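Heads up, the next two complexes both have subunit A, just with different partners, subunit B and then subunit C.
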Partner chain A sequence: MSDSEVTTEIAAEPLDGAAPETTQETEAEGTREMPPVVADQVDDEVAPFRPSIVGWLARGAVWALLAWVVFAIPGNYFSPFELGVSDVGHASKAAIFAIIGLSLNVLIGYTGTISFGHQAFVGVGAFVSAYVIVDMGLEFWLAVPIAAGVGGLQAALLGAISLRLTGLYFALVTLAYGLFAEETLFGITAFTGGEGGKNVPRPLGFENDYTFYYLCLAFLAVVLWVDWRLMRSKGGRALQALRENPRVASSYGINVKVYTMYAFIISGVFASIGGALLAQQSTFLVPETFDFELALIFILMTVVGGLRNRVGVVIGSVIFALLEEGTLVHLLHLEGILDSTIGLPAEFFGLVIGPILLLLTITRFPGGIGQQIAPLAQWLRGRRFDPHAGKVREVEVSDVRA
Partner chain B sequence: MSVLEARNLSIHFGGVRALDHVTVQAGEWEIVGIIGPNGAGKTTLFNCITGFYQPSKGKIRYRGKSITRLPVHKRTALGIGRTFQNVGLVKNTTVAENLVTAQHLEANYDPWAGMLGGPSTFAEESRLAERADQLLELLDLSDVASARVADLPYGVLKRVEIATVLATDPDLLLLDEPGSGMGPEEAHALGDTLLGLRKEFGITIVMIDHHVPLVTQVSDYVYCLNFGEVLAEGKPGVVRNHPEVVRAYLGEEPDETDAPAEAASEEYV
Partner chain C sequence: MTTELGIAVVNGIFAGSVYALVALGIVLIYRASGVFNFAQAEFGTTGLFAAYAGVVLWNLPYWLGLLFGLAAAVAMGLATERLVINPLRNSSRVTLLVGTAGVALAAIGIQFWQSNEQPIREMPKIVEGVALQPFGAAITWQHLITLGVLIVVALALAVFFRSPSGVAIQAAQQDGTAAELVGISVRRVSMMTWAIAALLGGLAGVLSGPNLTFTAGHLTFGAGAALLPGFMAAVLGGMRSMPGALLGGIVVGVIEQLGSLSLFGYMSGGGEMMLFFFLLIVLLLRPQGLFVRKAVAA
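And now, the complex of A and B:
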């Protein structure tokens, strides 16, 4: 055997140990054609599914039902739920929580950065908006953009820190920031009104709880639109890429620092809009509202709702908003069962069901509520009802970089 | 003028000298192969060229412009694209979405405008999707366009990765073991693909691979690294038969007797 032959044979072997079984014999008369790739992937595109007329009618009926639940419930139009006046306030709160949930989803879901201080994000929006309306005497319509601007700015500050610290350390910074805001920032009497709180008047035309609900709904619609467009444009895709692998993202030409800030600013703006509405919703604003428990509820509702699933996050947020004061129990007429059979007051129901839902999400259904409703959501969009749609194959909760 | 010129690159991690005065060049339209045993510093060299590592000594020039201090994303914008040894893709999305993501710099609109749903973004998005389709077709990957990256076999992903790098519109393609996980036939076909890509896009390619037949098939010039130093360089045929190179791969003197070499080669057959 000559020298050159030796080298060829040795070198033909991949040195990293991958596929050592490949032999020289097959290589000699190797075809020059690209082998076909995963042929069985092709055939499910053969006949695109079209629902029949009955199918469309059924889908239309469900859409109408959903629209009725969302739009008509606070007015008690033919409602089986018999909402009292105070319950309508909870409906607006549900819409506001949905905005906040979407805000947190941008950080935890899309960017993979956790925030334990989201009550501060929301609180800043609430107090800035209240300050602009009460102390500066400006309109609500001006207060919202101002609050959103300030909220975006403080989020950018926290984002700048996240570029330096990652993992557990950044989680601790957000925790500290939340507590600092709660204890110190919101305690400044000149800014927040201190312990005495502040009475924030609602904008003209939206004074009562019924009309205010539609205002919140309108803001939620705007946030949903922005969130949708975000994930369908280069900004959202950049966030997805840098969550999974910052190196790959930067090799695509994505400026990781700039886009991390981008995510924080979006989240801060969403949270501040939610906060500004929350200040209006409670009409009487006190610093104690924005405690750490609220931040935990925000994280719970986002994770249980299903990270990166818009509809799931909205539903999760609505559920947790309604659980907070036992509204959901009243709505479903469950207080009799709970009170007499289990002996659990309606107000505490949320405290029991919340952790259970979280455990179920983390251990069994990593896609959260979004995963559970995926078959229905697919069906409503005119596709076949597939009970396995939206199956999440890996535990997505664990991929948060924290 | 050479497209890429890395001169005297040195970098060390702790006491390990990963690169020691390494000089590598690639001319216009050239395909340059880099071979060497594991741990020779090949990927470290790529990481220096793309900007993940900052060399402690040496200069990197791209088309005459010094890029030694530029961040990664700016080098990508200049036209340096790379693939990764362990597949650099966004695994939770589909192949087609990955190609659109990779066209980040091609998307001609502001991210804020995109978020607010500016009218120009819709047209731009469909243009990007179309370009992604074209690239997938070019690399014979149209069948897997809607498949999730995490569900595909490694060999296919290596080709998807090449498609995504092409989507960044590179002038200089750095491929880190494009043939790994491929059988000899696939590797041979990959070689043809690379030659075709050079023709189609007029790009320069620098390629790390252990698959020496592939490297000799396509390369115009080959460097062999060992322990962070350039062991040999030259035309592929010359480097392949270079006694130092043979020794680096074998760990033995090749011309002592035939017996140890034969034993070693049989082991791999």
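And now, the complex of A and C:
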């Protein structure tokens, strides 16, 4: 999405003066000069759109509202709702899920390979960080880099042996790895604490659920920034080329293996950071948390959010995190309606609705939530409200490589 | 040690016959739609839940309950083909894969919801009791029946793929356009394949369900998880060979049981470890499968 933003901005500038000139020239001198190619990309926008003062105020109000929802409500600042500790816990979980969603987005969205074992990546991060904090007695601020490092290392190891396989077979290996990690690795009692679980103390200053939420938010911001910068780097552009067509990319000198591995390691690092936070968020860490169902939910939230669309992935992850255990249903006071009409208890709402959303996404709206909110996102950035924004072929799931 | 090994092998063969049933369905669908069907095991669990509803909740005769379970599995297979696979026929394989995973998760969600009051259930066996005890491994009649059904199914499939309908399926799988030109309806063939595969999945479900208590997602990630072993069996057969998948199922069953030897006694999840490393070795050394034949296998 941000790519198209850049092109339209470049396109809009010369158009101010150039557009009338070119039309005169083509009348007078025939085919002497090609009209600027960019002109036909913005033919529906003759002059660059500048919102009026009211428009800016409206946009500012929506931004402020968003900021209020994200920053103020969970901390009970300027808020009419008195959120309890458990509600803020769900908000932290939503932020952590967003980190995990971004991690999976790197893999599915940027490289087109799919991982059915992401719960293992997250779990490794969680248990390594828990081990470092509880058993080695180190600080949280040391545990996160260690967990991220181990997460990157295991991704590198798994990638080194399995990225020789493509598409479906790779998915199969990740599935086997997920089950292996869940049953075997996390079954090592000395490492994970076994069935009894582990209580991981939070870092100094963030013991409180409210302050911990802001810690998760800060980590999410860092991950978002790193993801954005990485995708703008040489490696990120190489990945984009790779996903479009690996053969063409490799003929331009892009090393397919190395860059897929690069994405795989980034994904592993992000997932481990998410896992390290998840270990702190749940007061009680048990291996059973990281089951195959969780991996499926991770895939769901990423695809429904909209691949290669950071905002969409974050929103999708937040929705699915809140759907779990029925928080969203409780917040909206829908449990009575659901229970009386179709007899669906709130805690199963996400499990039943989520897959239906997924199937709708891939069959009808391949761009996911990211595509649906594109008009609003464009408007918020100071563009005209265009209900057809975001309907570009860039945001399709169907070009995921097999 | 020999006794232990014997028990592992015998248990493995009987566990493997369930995997083989799942693997046969996976191979059929891979050949027809080119997709790894992650919902294959869920056809089984859905069939199992339906059969349970028939036999235990509505007190139907056992055979009628089984029939209802299989019918539910086939209905789910047909619905999957119509609602997910057919609309996505032009998308990439990974999209299709996500689609089948979505079908599986939807089924699991509905099972969790419907079995909320009583999450752990028990399906009665067809014939109760232990039939024989080689090396001290208890082989129930249910196990023997499962193996018998597998053999019958394998023979029936072999015969079916030589009948006109079976030949039509193979033709459509090899070249859809050419098959259409000679008057084969690819749409009908695709539905037929999914129905047969769902029937195989359903059989795996209703036959393996009574061995243990079951929960939602029983065959996908529950106690009777057969999805990953089924895939591995299919991979052993090179994803295309049906006899390969059958043999692969048995091999995978035995290998998984080897993980439960006292050699690995101090660790949990030995079976999963064996499966993971076995899959890696097979995919890296012989990605074309262990038991592949040149000719188009029936």
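Throughout what follows, the second predicted complex is superposed on the first by the 344 of 402 C-alpha atoms of A that agree within 3 Å, B and C clash if a C-alpha of one lies under 4 Å from a C-alpha of the other, contacts with A are read in each partner's own complex, and residues count from 1 in each chain.
The working rule: a contact is a pair of C-beta atoms (placed from the backbone, for glycine too) under 8 Å apart; a residue touches a chain by one contact, two chains touch by 3 or more.
The shown structure was predicted, so the numbers you read here are calculated from the model rather than taken from an experiment.
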item: Touched partner set for A:144, first subunit B, second subunit C, both or neither; value: neither
item: Touched partner set for A:241, first subunit B, second subunit C, both or neither; value: first
item: Partner chain(s) touched by A:112 [first = subunit B, second = subunit C, both, neither]; value: second
item: Touched partner set for A:318, first subunit B, second subunit C, both or neither; value: neither
item: Subunit B versus subunit C as contact partner of A:229, first or second or both or neither; value: first
item: Which of subunit B and subunit C A:179 touches, first, second, both or neither; value: second
item: Contacts of A:296 with subunit B and subunit C, given as first, second, both or neither; value: second
item: Which of subunit B and subunit C A:168 touches, first, second, both or neither; value: second
item: Subunit A residues contacted in one complex by subunit B, in the other by subunit C; value: none
item: Residues of subunit C touching subunit A in the complex; value: 35-36, 83-84, 87-88, 90-95, 97-99, 101-106, 108-110, 112-113, 116, 217, 220-221, 225, 227-228, 231-232, 235, 267-273, 275-276, 279-280, 283-284, 287
item: Complex interface listing, subunit A residues touching subunit C; value: 108, 112-114, 116, 161-162, 164-165, 167-169, 171-173, 175-177, 179-180, 182-185, 187-188, 291-293, 296-297, 299-300, 303, 344-345, 348, 350-352, 354-356, 358-359, 362-363, 397-402
item: Residues of subunit A touching subunit B in the complex; value: 1, 3-4, 6-16, 18-20, 22-24, 26-27, 30-39, 41-42, 225-226, 229-230, 232-238, 240-241, 244-245, 247-248, 250-256, 259, 262, 266, 393-394
item: Interface residues, subunit B side, partner subunit A - complex; value: 35, 37-38, 50, 52, 71-73, 76-77, 81-82, 84, 88-93, 97, 100-102, 104-105, 107, 109, 111-112, 114-117, 121, 125, 140-141, 143-144, 146-147, 150, 152-153, 156, 164, 168, 177, 180-186, 188-189, 192-193, 210-213, 240-241, 245-246, 249-250, 254-255, 258, 261-262, 264-265, 268-269
